[in-house]
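For clarity, chains are labelled A, B and C in written order, and residue numbers in each chain start from 1.
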Amino acid sequence: MPKLQTIAEHIGARVEGDASSSVDGLATLLDAGPTELSFLANMAYRDQLQITQAGAVIVHPKQAHEVKGTALVMDNPYLGYAKASQLFNTLPDAQKGIHSSAVIHESAQVDTTASIGANAVVEANAVIAKNAVIGSGSFIGNNSRIGEGTRLHSNVSVYHDVIIGTDCIIHSGAVIGSDGFGFAPDRGAWVKIAQIGGVVIGDHVEIGANSTIDRGAMSDTQIHDGVKLDNQIQIAHNVVVGEATAMAGGCLIAGSTQIGKGCTIAGGVGIAGHLKIADGVHVTAMTLVTNHISEAGSYSSGTAMSNTSEWRKSAARFRQLDSIAKRLKQCERVLSEKE
Amino acid sequence: MPKLQTIAEHIGARVEGDASSSVDGLATLLDAGPTELSFLANMAYRDQLQITQAGAVIVHPKQAHEVKGTALVMDNPYLGYAKASQLFNTLPDAQKGIHSSAVIHESAQVDTTASIGANAVVEANAVIAKNAVIGSGSFIGNNSRIGEGTRLHSNVSVYHDVIIGTDCIIHSGAVIGSDGFGFAPDRGAWVKIAQIGGVVIGDHVEIGANSTIDRGAMSDTQIHDGVKLDNQIQIAHNVVVGEATAMAGGCLIAGSTQIGKGCTIAGGVGIAGHLKIADGVHVTAMTLVTNHISEAGSYSSGTAMSNTSEWRKSAARFRQLDSIAKRLKQCERVLSEKE
Amino acid sequence: MPKLQTIAEHIGARVEGDASSSVDGLATLLDAGPTELSFLANMAYRDQLQITQAGAVIVHPKQAHEVKGTALVMDNPYLGYAKASQLFNTLPDAQKGIHSSAVIHESAQVDTTASIGANAVVEANAVIAKNAVIGSGSFIGNNSRIGEGTRLHSNVSVYHDVIIGTDCIIHSGAVIGSDGFGFAPDRGAWVKIAQIGGVVIGDHVEIGANSTIDRGAMSDTQIHDGVKLDNQIQIAHNVVVGEATAMAGGCLIAGSTQIGKGCTIAGGVGIAGHLKIADGVHVTAMTLVTNHISEAGSYSSGTAMSNTSEWRKSAARFRQLDSIAKRLKQCERVLSEKE
């Protein structure tokens, strides 16, 4: 049960009210009880300050006087919430040391402060740095390196020659370093192109559950510092994802595409191969990107949703669009001749 | 080799013909041989009753007289097929007890009738109920509970504080309780929001291979009784999926969206975050839902498929649609002035 | 360090220059150094022959005279690159034999030349053929057969009654033989249809990381010889994928669809159920296929990407398309009456 004073110091807020009282959880304004902390980050919920039962609320200075309990006051309450949440994290600490059921190659280097979970496997010449955590059933291939403080959850697969930086989080079922999809056609069959590049992942990267990041064909696939990838994302060989870019679930990024820094890619987006996407680009959900994007901004494709019966009519007419455009032009021509 | 009488009792049909004969398998009308059972549920295949070699056929009373072998007669032959299929299931029974290679924390409670597969891991305070099956290589995190009769196949990952009800089926590679995708922006970087909620899954739920269900940010992600999720589905934090809703492969459901009861969501559908979808909604394949849906019915987005060369013309004209609409309005105006 | 002469023989090229020198790696024309091999397969990069530092280059006879170092000359340089890449493969050889931590059922047959990785599990009556490799943490269910020379990477799940041919590659996290998605509706609930078919996978098939292939409802799901599937692909029950068809990441193929030979399906494509797709079909990225395709050719759906603000206008007008088409027809009628 942290005291509000402690929380305020951790998140960089000042306390208005009883700094010595404690809270035992974090909840929304509507859900929070008297022993819980809440926050107001979206003005749409401002009225809830009047009815919340929360013992304390993180707010912007402008709303501080509206808080009935204790206010934790700071300019960016959403950031305050993020930092406070870490104090209430329920994720169990991993036990230091190598579990007796783990299989570690004699040439692997595992720091004494690292944690290797039950039935995990660490192959030859792999390096597991200080305070790194390898979850149960995870696999670390030859020569791969897991950086300081990085945590792999259970059943993660890391192939050989993969470098993962410090303070990363890799969720269960993620696969890093699988072969890129490369084949040369030869008289109706496909000849495999060995994928001899690796994967290099920077620091503070998070990779979601069941996401896949392929190794490079010749040089490395690269995920730069601070990138956040949600679940079920596919990153093909030789993709470069720039610093602090975030992608929501189910995105598919084809080979050799370079995505800039600070991009936000919504769920289900596909980006074709060999493209360059500028810094600061936003792509809306389920858009297909088939061209370079050279300027920051928001990009979209697709159509709006309708009732299926209405949609069928539009979809049928979509096929006639070229004819419609030409016929319209003809109408305009006739009309202008009549003038 | 069950006797037809036994099958009829199991599925709730009456036998017309030789109830004492047996069948050793289940097949379509076209594939079935004389020792196999088949069914007619779709009238498009009615003519196949004339040519089928099946030893017995599950049919509606109206078609009973058309069956040449033995008829198993009931009002819902497709339901009869479903129930009969369970008698021919090839899935091996799991062996009761804890495999010697499994790693079980001393504080975990594993019922003596449960089965824990080879190299599975069960963490502290987890509870594995009667007749539950934990597949080989699966991981059950701290405090998680697996209900009576629930079966996890191999290599499933269940994080901490996840509750799974009774008689569920979780397929290989599924991940339940991974972190929701939540970050607060802070001067160009992302600060992680600890995901301190859990996941609560009801009874009779099936979750497909490599599907992912994130834990809640503060409160729980919820999958209600009787929900059926196909493979490779992504359910984000704090989503609620209502009773008996079914989703086909590859759906992406963004955070905090609430889906009603009895919905059928086709493959590859995306549903944006913070939406409410009514009961009884059907969404067609690969539709993007970006608004609340307040009425039952069928909904769609996207365009119909064409030859790529035709499609290119339509796609180019799509970008001109606003101009086309305005120019059409102008034509109409000129024409009405001429009247 | 293979000699150029050796490489030339391996890939079927003739050497122009110093056949006795060696190379220690493979790189693009721009990246290659004096001890590396490169290739020119795409004429867009032809100018790079002038500036490359590569010690040797695989080229078409027409460009042989432009190579400054040693030329490896052949008609299909891209095929040469593919074959050469295999000489530089970094994938570690698997150790023959059964790892002491693997769990093998006494009735399973494991060839003495096969490799069973740490913590892998092989169930009753499974057969692992000569030189097959079962990666760490992988699971092979009852009666399943893994063909000669086939390699499963770590954490692959193969259910019971799955047959995989020779010289296949199955990447980490792939799931083969999970239940097809079949239920009969019964008064608001879903009754499971036991999936009693298996999966049959031919020879020289590659299946990407976290891809899923469901078992058949009654008969088998089939993946024919030479098929190449990228990551995160979902193949539903009773699908048939024809010889040498290739699919990029994230494709979703619904139940009972039959895809022909030699098709190329781009990323994120959805194909509805019970369809027949001819041989030699190409489908562009993120297309939804809802009808049979009876002729070879290229097919597409969707719209082109725009700025979101422009796109919003088009998307709104899309809903008016039927009205636009009717109003245009009315304009044409009025105009023709005026003639």
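The criterion applied here is as follows: contacts are C-beta pairs under 8 Å (C-beta built on N, C-alpha and C of every residue); 3 or more make two chains touch, one makes a residue touch a chain.
As the structure is a prediction and not an experimental result, all values here were calculated from the model.
Subunit B is reached from subunit A by a rotation of 120°, derived from superposing Cα atoms (nearest 5). Look at the contact of subunit B with subunit C and you find different residues on each copy: under half of the numbers used there are shared. Spacing of subunit B relative to subunit C, judged by their CA centroids, is 25 angstrom. Under the contact definition stated at the top, the residues of subunit B that touch 2 or more other chains are 101, 119, 137, 155, 173, 210, 232, 250, 286, 302-304, 306, 316, 318, 321, 324, 328, 331, 335, 338.
If you check the complex, the residues on subunit C that touch subunit B are 101, 103, 119, 121, 123-124, 137, 139, 141-142, 155, 157, 159-161, 173, 175, 178-179, 181-186, 188-196, 198, 210, 212, 214, 217-219, 232, 234, 236, 250, 252, 254, 270, 272, 282, 284, 286-291, 297-304, 306, 310, 313-314, 316-318, 320-321, 324, 327-328, 331, 334-335, 338. Residues 25-28, 31, 76, 78-79, 81-83, 85-86, 88-92, 99, 101, 117-119, 135-137, 153-155, 169, 171-173, 204, 206, 208-210, 226, 228, 230-232, 244, 246, 248-250, 262, 267-268, 285-286, 302-309, 311-312, 315-316, 318-322, 324-325, 328, 331-332, 335, 338 of subunit A touch subunit B in their complex.
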